[in-house]
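After this come two complexes, each holding chain A, first together with chain B and then together with chain C.
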Partner chain A sequence: MDFLRPQNLAEALALKAERPDAVPIAGGTDVMVELNFDHRRPAALLDLNRVGELAGWSASDAGVRLGACVPYTRVIAELGDRLPGLAMAARTVGSPQIRNRGTVGGNLGAASPAGDTHPVLLVTGARIEAASTRGTRLIPADEFYVGVKRNALADDELITAVHLPASEGAQQFSKVGTRNAMVIAVCSFALAIENYQVRAAIGSAAPTPRRVPEAEEFLAGELPWGSPLPDSLKRRFGELVAAAARPIDDVRGTAAYRKHALSVLARRTLGWAWQDILGRDSACA
Partner chain B sequence: MRLNVTVNGEAKQADDVWEGESLLYVLRERLGLPGSKNACEQGECGSCTVYLDDVPACSCLVAAGQAEGREVRTVEGLADGERLDPVQQSFVDAGAVQCGFCTPGLVVAAHDLLNRVPDPSDEEIREALAGNLCRCTGYEKILDAVRMASTR
Partner chain C sequence: MTTTEQATGTANGIGTSPRRPDGTGKVRGEFAYSSDLWHEDMLWGATLRSPHPYARIKGIDLTEAVAVQGVYAVLTHEDVPGVNRYGLEHADQPVLAVDVVRYQGEPVALVAADHPETARRAMKRIKVEYEVLEPVTDVVKAVSGEGARLHPGGNIVRHVPIRHGNPNATAEVVVTGSYEVGMQDQAFLGPESGLAIPAEDGGVDLFVATQWLHVDQRQIVAALGLPEEKVRLTLGGVGGAFGGREDLSIQVHACLLALRTGKPVKMVYNREESFYGHVHRHPATLHYEHGADRDGRLVYVKARIYLDGGAYASSTPAVVANAATLGVGPYDVPNVSIDCWGTYTNNPPCGAMRGFGAVQAGFAYESQMDRLAEACGLDPVEVRLRNAMSEGSVLPTGQVVDSAAPVAELLRRLTAKPLPPAPLEERDLRTLPGGVSNTTHGEGVVRGVGYAVGIKNVCFSEGFDDYSTARVRLEVVGGEPAATVQTAACEVGQGLVTVLQQIVRSELGVERVTILPMDTTIGNAGSTSASRQTYVTGGAVRAACLAVREALGPLSPYELGDKVLDETVEWRHRPTETLDPETGAGNAHVQYGFAAHRAVVDVDVDLGLVKVVQLDCAQDVGKALNPQAVLGQIQGGSAQGLGLAVMEEIQTRDGKIRNPSFTDYLIPTVLDMPPMSIDVLELADPHAPYGLRGVGEPPTISSTPAIVAAIRAATGQALTRVPVRPEHITGT
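Showing the complex of A and B:
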C-alpha cells in the first residue's frame, strides 16, 4: 500500500488524478476502522491532514464555505451561530475524541446512509465542492448521495469544501440511538423552515439520506404562521415523514421501529422549530 | 517507512513501519509504550486516547503515516518523574481503578477536560468522558476522581 502525503491542494489533486484508486484519509474515524479490521486494503492512502487549504472555513453574506477537513469540534465551537443545524448534528457525532478528528468531508466521502450530517446538508441546501485537476464544481446535496455508501464524486475528484447558504430560519436535527455518545443513528431527521419554505430529510432510513417532498409540501401549505401548531398537524407531518422512509431491519433496529421513531422525531423537531419561530416573532413585536 | 514522531517530548524513530498501521500499534509495539491500551480498535472505547498535537484522539484511528513529524503525548508523559499528575493521583485516591484497562484513556481525557475547563460541572465531566468505556466501576468513582482533581 502506498501512502501519499501531499503538502498542499495542488499536490493532492495531482496525486488523486494519477492514482484514482487512492482512498482519501483525514480524521481516519471511518477509514482506519476498515484497515484495522482488514475489511479494506486500498492500493494507496491519500493523507489530507497536511493540506492547509482544506482545514479552515470562511464566511460571507452568502454563507459559509466549510473546508472538508475541519473537525466537528471546530464546527461546534466556531460555527454554532451561523450553522445551527449542522452544529446540532455535529454534537451528536461519536465522542469528544471522534469529534476532534472526524470531519464533514469524511462524512460525505463515506456517504453512509446513517451519516449524521447528511440530513442537515440536505435541508440547508448545501452544495459540495468537488475538485480535480480538471476543475472545480459544486454538487447540490440533493444530487450527491447516489446509493448505499456511494456519492457523486468522480474517481479523480476530492471533496474540498461544503458551501452552506446563510440562513435566518429555524433549523433542527435529532437522531435516535441507544445512548447519547458513540451512536450510529438508528434513524435521524433534520428540518429547516425559512421564508415560508419547509425542507425535511431523513437519515438511516433509506438506501441514501433523502428529502421527504410530500411531507415538506404538506407542511408548507398548512403551517399556521403566528399561531400555535395544532397537534393534528404535527401528527400528520410525522405520518408523512414515516411514509416516505424505506428502512430495513438490521442490527440497530427494525424497519417498523425506524418508521415509528421517524414520525416521533418529525413531530418533536417541528415543535421545537415552531417554538423558535414564534419566539422570534414575539421578540420582534 | 521510517517514522519520526515526538513522543512525550522526545524525538523518536521507528523503522519498517507500515504506514497503514495505527499510531497505537506504533506506540505499544514499536516504541515500547504500553500505557495506551488496545481494546476495540474502532474508536468506541477510548482506552487508546492520546494527545496528538495537543488534541485528544483515539490513537487506534490515526494511521502511522499521518503521525509523521507530529507530537504525541501519552499517559506515560503526564507524570513529572515519580510525581503523578493530579489527575492520576486523584484516580488513585478516589479508588477510580478496578481492572485498570480503561484508566489510561480516562486519565488522558480527564486531563484534557481540566486543561480546558478547570472547574467542570458534572454534566461537563460526563460529556468529556463519554468516549471512554469502563466495564468495572460504574463510573461513580471516576467522576469522584475528576471532581477531586479539579480541586488540586
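Showing the complex of A and C:
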C-alpha cells in the first residue's frame, strides 16, 4: 500500500488525478478502523493532514466555508453559534478522542447512512465543495448521497470544504443510540425552520440519509406562526416522518422501532424548534 | 462491624490501600501487556477459523499458502504431535479441527510468517472445502435431543437436579415467570496474546496472558506430547480477564508454531478475532414458579434452567452446578425442585464469566421476588426481608451456612441511603437518557427504583482439591530486611500483587516486599477466578509467612545477618463435597458472598432509553484487606451488571455472531455508569484467612436485576429478558 503525503492542495489534487484509487485520509477514525479489521485494502492512502488549505474555516455574510479537515471538536467550540445544528450533531460523534480527529469531510467521504452530520447538512442546505485538477464544483447535499456508502464524487475529486449558508432560523438535531455516549445512530433526525420554510431529514433509517418532503410540505403549510403548536400537528408531523423512513432490522435496532423513534424525535425536535422561534419573536417584540 | 485480626502495625499492611506496583505504569500507558511482547527475529502467528457454525471439512489445500514468500509454517490438525483434544473439565475441543467444525470461529489451520500481514495473506490462500450442516442453535431442543448429535455423549453436557423438602408442596400465592439472559462477553480490553520461544532442550517457553498457568500447562503438554518440564509458562501483562482467559486461546497454537519453525512466535488477536477467540457468558432460558403464603413467606420454588454452552464443554459443568445450587437465591426456601441443564449447541462456546451461573439465576429469582411482592401486596424490600437467609440457614443442597449471611442487613442499609433529589426543571443533557444525543429535555422521562440481592459461592466447589502454593524468602539486603514472594497466581488487573505485598508486610513486619514474576517454576496456585485468589493464594502466602516466622524464632528480621529464610507451602481451604446426582445434596461450596443493590433509573418511556441515575451497593467482604481495591471490585462488578441489564449482548443468528466489535457490542461508558455509594461490611468468616470473603463476583449478580426492577417500576413493563432493549420498553 502506498502512502501519499501531499504538502498542499495542488499536490493533493494532482496525486488524486494520478491515483484515483487512493483513499483520502484525514483523522482516520473511519478508514483506520476498516484497515484494522481488514475490511478494506486500498492500493494507496492519500494523507490530507499536511494540506493546510483544508484545515480552517471562514465566515462571510453568506455563511461558513468549513474546511474538510476541521475536526468536530473545533466545530463545537468555534462554530456553535453560527452552525448550531451541525455543532449539535458533532457533539454526538464518538468519544472526545474521536471528535479531536474526526472531520465533517470524512463523514461525507464515508457517506454512511448512519453518519451523524448528514441530516444536518441536508436540512441546512449545505453544499459540498469538490475539487479536482479539472476544477471545483459545489454539490448540494441533496444530490450528494447516492447509495449505501456511496457519494457523488468523481474518482479524481477530493472534498475540500462544506459551504453552510448563514441562518437565523431554528435548528435541531437528535439521535437515538443504545448507550448514553459514544454510540452509532440507531436513527437520527434533523430539522431546520426558517423564513416559513421547513427542512427535515432522517439518518440511519434508509439506504442514504434523506430529506422527508411530504412531512416538510405538510408542516410548512400548517405551522401556526406566532402561536403555540397543537399536539395533533406535532403528532401528524411525526407520523409523516416515520412514513418516509425505509429502515431495516439490524443488530442496532428493529425497523419498527426506528420508525417509532423517528416519530418521537420529529415531534420533540419540532416542539423545541418552535419554542425557540416563539422565544425569538417575543424577544424581538 | 468486627475485625478478626489486627494488622501488625506495619505501614502498608492489610487493611490499608497502598499504591499498586503496576498502577503508575498502567495509568501512563507504559505497562507491558502480553500484546507488547517482542523478541528479536520473531515470527507472527495467525489462525484460520471456520466461517460456519457447523460443517464437515472435506479437504484442506495448503499449497498456495505455503508458497507465499515470508511464510515459515502452515499447520493443520495433522501437525499436532500429542492429543488433539483439550478442555478445562472435559477434553472435547480439538486444538485444530479434524473433520468437523462445531462453531463459527473454530481454529482450522495456523500460519507463521515474518510479518502479521504476510501471515494474514497466506491464511487467505488456504483452501478449505466445507460441507455446511444444519446447526443446532436452540438450547431447549438440544436438551430434548432434537437435531444433530454434536458430541459422542449427546448434547447434554450436564444436568443437575436439586430436590429439597416436599416435591409436592402447594401454596396460597403462586407466581410464575419465564426469563431470558443474553450472551454477555467479558470484553476485556487486552486481546488474547502471547509469545512462544523454542528452547534448546526441545521444549518451549510461553509468555501469555492467562488466568491459570498450570491448567494451561497441563493442556499444552498433552497437545504437544511433551513432558511437563519442557513447557514453561510465565504470565504476560494481563489486560483484564473476567473468566474469558480460563480456556486456551493462543497457547497451544503459538507453541506448535514455535516448535515447528524453531523461532519465537508471537500471536495477538485483533478485537474481532477476540470475540471468536474466547468463551462467553452462557445465555440462559429460565422458568420459575414461586409459591408463598399470603404474608409472602416462601413455601416452595420450582425451576427449570437451560444454559447454552455452545460447541464445547469448557466450564459448563461447573456453571450448571452454580446456577442449580444457588438457584433460589439468598432466601430460606423449605421446598425446592430445580433442574438445570447445560448443553452443546453450534452457538459460540460459553464458559466462565464473573458470576458464573449465579448471574443467570439471579436475574430470574430476583424478578420472581418482585412478582411475589406484587402478588402479596408487599414492598419489594419487605418480601426479601421476610425470606432473607441468615447464618445457620440451610441451602437447598442441605448445606448449612456457617458464617455471616447478612442479607437483611444489606437490604436495610440500602433503604437507609438517601435517594437522589427529584430532577431539576432545566437539566444538563448529560443527566438525561440519551445524553448529548439530545433525545429528550425531560419529555417522557419517568423515574423508577429497584432492589436486588444475590448470592455467590467463593472458591472452587464440589470436592475440587483447591489449593495454592506460595514461597516466601526473607533476607537482609543492604542492612534492611526484604521479603520476596513467588507464586503462580495470575494478576489479571484485580490487584493481587498489592494484596500479597500487604499480607507479607503485616505478617513479617517487613516493608520491602518484592513479588516475583508469576510462572510455572513454582507449584500450582489455582485459577484467578471464583473470587478465590486473595482467599487461597493470600492464605498460602500468609501460611508461608508463618513458616518463615517460625524459622526466624525469637529473632527480629534485622538480626538475620547472612541467613536466608526460604519457605514454600501448599495451602488448602477446607474440603468440599460432590453433589448427590439424584438430589443435589452436599456441602459443595466453601463460602458464600452476598451483595445487594438499589438502582434508581430515569427511563424515556417513549424512546425506551435508560439512564441509571444512582446505583448503590452494600456488600459483606468479611475483611477488606485493601479497602480501595474492594471498592474498585464492587464498582467494576456493578458496572458489568449494568452492562448486562441494558446493553451488553453478543447477538447470534443461526449460530453466527452479528456484532463482533466494540462498535456494536456496547459496554457502559462513564456517562452510563453513575457514581456509587457503597457500604462495605466486614463480618469475619472464621473459616477464612483474616476472615475475608471473596469480593469480585457478588456485585455483578445483584446489579442487573436491581436495574431491571427499577426500569419495570418506571415503565410498568414485564421485561423478562436482559439486556433490556429500547424496543422492549416501547413495545415496537
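Definition applied: the second predicted complex is superposed on the first by the 285 of 285 C-alpha atoms of A that agree within 3 Å, B and C clash if a C-alpha of one lies under 4 Å from a C-alpha of the other, contacts with A are read in each partner's own complex, and residues count from 1 in each chain.
Note that in this section contacts are C-beta pairs under 8 Å (C-beta built on N, C-alpha and C of every residue); 3 or more make two chains touch, one makes a residue touch a chain.
This structure is a prediction, so every number in the text was calculated from the model and none was measured.
Novice: First (chain B), second (chain C), both or neither: which does A:Phe37 touch?
Specialist: Both partners, chain B and chain C.
Novice: Based on the superposed arrangement, let me know which partner A:Asn49 touches: chain B (first), chain C (second), both, or neither?
Specialist: first
Novice: Return first, second, both or neither, reflecting whether A:Ile25 touches chain B, chain C, both chains, or no partner chain.
Specialist: It touches chain B, and chain C stays clear.
Novice: State whether A:Lys175 touches chain B only (first), chain C only (second), both chains, or neither.
Specialist: second
Novice: Would you check which partner chain A:Arg252 touches, where first means chain B only, second means chain C only, and both and neither mean what they say?
Specialist: second
Novice: When the two structures are laid over each other on chain A, which of chain B and chain C touches more residues of chain A?
Specialist: C
Novice: So, A:Arg101: does it touch chain B (first), chain C (second), both, or neither?
Specialist: Once the two structures are laid over each other on A, A:Arg101 reaches chain B alone.
Novice: Contacts for A:Arg268 in the overlay, against chain B (first) and chain C (second): which applies, first, second, both or neither?
Specialist: second
Novice: Which partner does A:Arg5 reach: the first (chain B), the second (chain C), both, or neither?
Specialist: first
Novice: Shared contact residues on chain A, chain B side and chain C side combined as an intersection?
Specialist: Residues common to the chain A contacts of chain C and of chain B are 33, 36-37, 95, 180-182, listed in rising order.
Novice: Within their complex, state which residues of chain A touch chain B.
Specialist: Against chain B, chain A makes touches at 1, 3, 5, 25, 27-29, 31-33, 35-37, 45, 47, 49, 73, 94-98, 100-101, 180-182.
Novice: Taking the complex as given, what residues does chain B use to touch chain A?
Specialist: Contacts found on chain B: 1, 18-20, 22, 41-44, 46, 49, 55-58, 60-63, 65-66, 68, 109, 112, 127-128, 130-132.
Novice: Under the stated contact criterion, what part of chain A meets chain C in this complex?
Specialist: Touch list, chain A to chain C: 33, 36-38, 88, 91-92, 95, 172-184, 186, 251-254, 256-257, 259-261, 264-265, 268, 271-272.
Novice: Flag every residue of chain C that touches chain A in the complex, lowest number first.
Specialist: For chain C paired with chain A, touching residues are 120, 270-272, 430, 433-441, 443-444, 606-609, 611, 646-647, 651, 658-659, 661, 663-664, 666, 668-672, 725-727, 730, 732.
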